[in-house]
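The two complexes that follow have subunit A in common; it is paired with subunit B in the first and with subunit C in the second.
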Partner chain A sequence: GGGSGSREAVERLVRAHPVVVFMKGSPAQPLCGFSNAVVQILRLHGVEDYRAHDVLQDPDLRQGIKNYSNWPTIPQVYLNGEFVGGCDILLQMHQNGDLVEELKKLGIRSALLDAEKDQDKK
Partner chain B sequence: GPLARAIRAKLDAALQPTHLQVLDESSRHGGPPGAETHFAVVVVSGRFAGLPPLQRHRLVHAALRAELAGPLHALAIVARTPQQWESDPRVPPRPPCLGGSKHERRGAA
Partner chain C sequence: RSFASQTDGEARVTRVLREKFPRASAIKVVDISGGCGAMYEIHIESEDFREKRTVQQHQMVNQALSEEIKSMHGLRIFTSTPKP
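Take a look at the complex of A and B:
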């Protein structure tokens, strides 16, 4: 099938980059507190290079991404093409250290590791 | 309100929680108090044992499928086993609203 919300189109988007986020608004201007939380968490880890898709700009994508992941809400975070969860889960992963590990598997070194090193020096 | 009651009833039936909080957070997202569009749920259930967070949240979504297809616009979830809740009954602070609902044509998730 065609259209920006089709399974094929969504698949292409989630596989286009190691870190892909479907959100409301943009990383520069999030339009929802939960989407903003995802952006802020990624920023804390020094992840600034990722694909962000504003579902408010594309109703077909907005529905298509929910069908694809069988997940009813936005934001949605994909790591290495795999759906990881929304804002609550990303926050948990950030707090329990899982996000640092998942980023490492993608070859991304979390900025928090360097922050810890700096603290150890003091 | 009626949606809060429906959410509570569905989660009770599906997950037999030992602890359940259903919070209408609509007023924190630009809606009038009691708007029943944005909810947060704290669900403590033995059904979550052995399940990663994604699967726990999917169980909650499955119980609330009808509501999520309808008036329930956003749902924040805390899903813990009874042991986890006992050792940590704190709930993370909610992200502040950025008025996103105002940018949408209709209240749809």
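Take a look at the complex of A and C:
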């Protein structure tokens, strides 16, 4: 396919890593509050190794990712190549424990599990 | 905030949601962009969402508001089902 926003190009990106995020800005410097929320939630779980794509750098990708997921907004979180949702859904998953479970399925142990263990010792 | 002070945008989005989700038991639309119509927060409770994953529920709202979303900068969606 042609162009960074094509279905084929996006498919390659979402499958490149267990955790892929399309956001505004970068994890080191998010440029939107909702993108920042995604970065912070992943950080809380100790997930620092993931692919992040700054859609502000690539208008074709910015539109292409919305076409691919049929979802109108950024950020977008993909786990194991599957679209999970945006910031609100990730926050909900974080609050209800689903994110810990989904990360476990990817072979990623959430840092929060260790944090809980430490608390139990006190 | 009283119902009478709803913005035009909030009223329009609410109307579209009422049409597309006639079974909805509760709909609340709030302009969180300071009245600019740029960003909305949508709360909707309906039987239509039962047994569906959250992302599917949000997709249903996205589809219902596909026209309105074109002129929005962003939106936040909170879906729920009525207590049985």
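One rule holds in what follows: the second predicted complex is superposed on the first by the 122 of 122 C-alpha atoms of A that agree within 3 Å, B and C clash if a C-alpha of one lies under 4 Å from a C-alpha of the other, contacts with A are read in each partner's own complex, and residues count from 1 in each chain.
The rule we apply is simple: a contact is a pair of C-beta atoms (placed from the backbone, for glycine too) under 8 Å apart; a residue touches a chain by one contact, two chains touch by 3 or more.
Please read these numbers as outputs of a predicted model, since none were measured by experiment.
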Side-by-side fit of subunit B and subunit C on subunit A, or clash: clash
Contacts of A:A9 with subunit B and subunit C, given as first, second, both or neither: neither
Touched partner set for A:P72, first subunit B, second subunit C, both or neither: both
When both partners are placed on the shared chain, which of subunit B and subunit C touches more of subunit A: B
Contacts of A:L44 with subunit B and subunit C, given as first, second, both or neither: neither
First (subunit B), second (subunit C), both or neither touched by A:V84: both
Partner chain(s) touched by A:F34 [first = subunit B, second = subunit C, both, neither]: both
Subunit B versus subunit C as contact partner of A:L56, first or second or both or neither: first
Subunit B versus subunit C as contact partner of A:L112, first or second or both or neither: neither
First, second, both or neither for A:Q92, with subunit B first and subunit C second: both
On subunit A, the residue positions that both subunit B and subunit C contact, one per complex: 34, 70-73, 83-85, 88-89, 92
Partner subunit B, residues of subunit A touching it in the complex: 24-25, 30-37, 56, 66, 70-74, 83-89, 91-93, 95
Sites on subunit A touched by subunit C in the complex: 34, 70-73, 83-85, 88-89, 92
Residues of subunit B defined as touching subunit A within the complex: 29, 53-54, 57-58, 61, 68-69, 74-78, 92, 94-100, 103-104, 109
Interfacial residue positions of subunit C with respect to subunit A in the complex: 54-55, 58-59, 62, 66, 69, 74-78
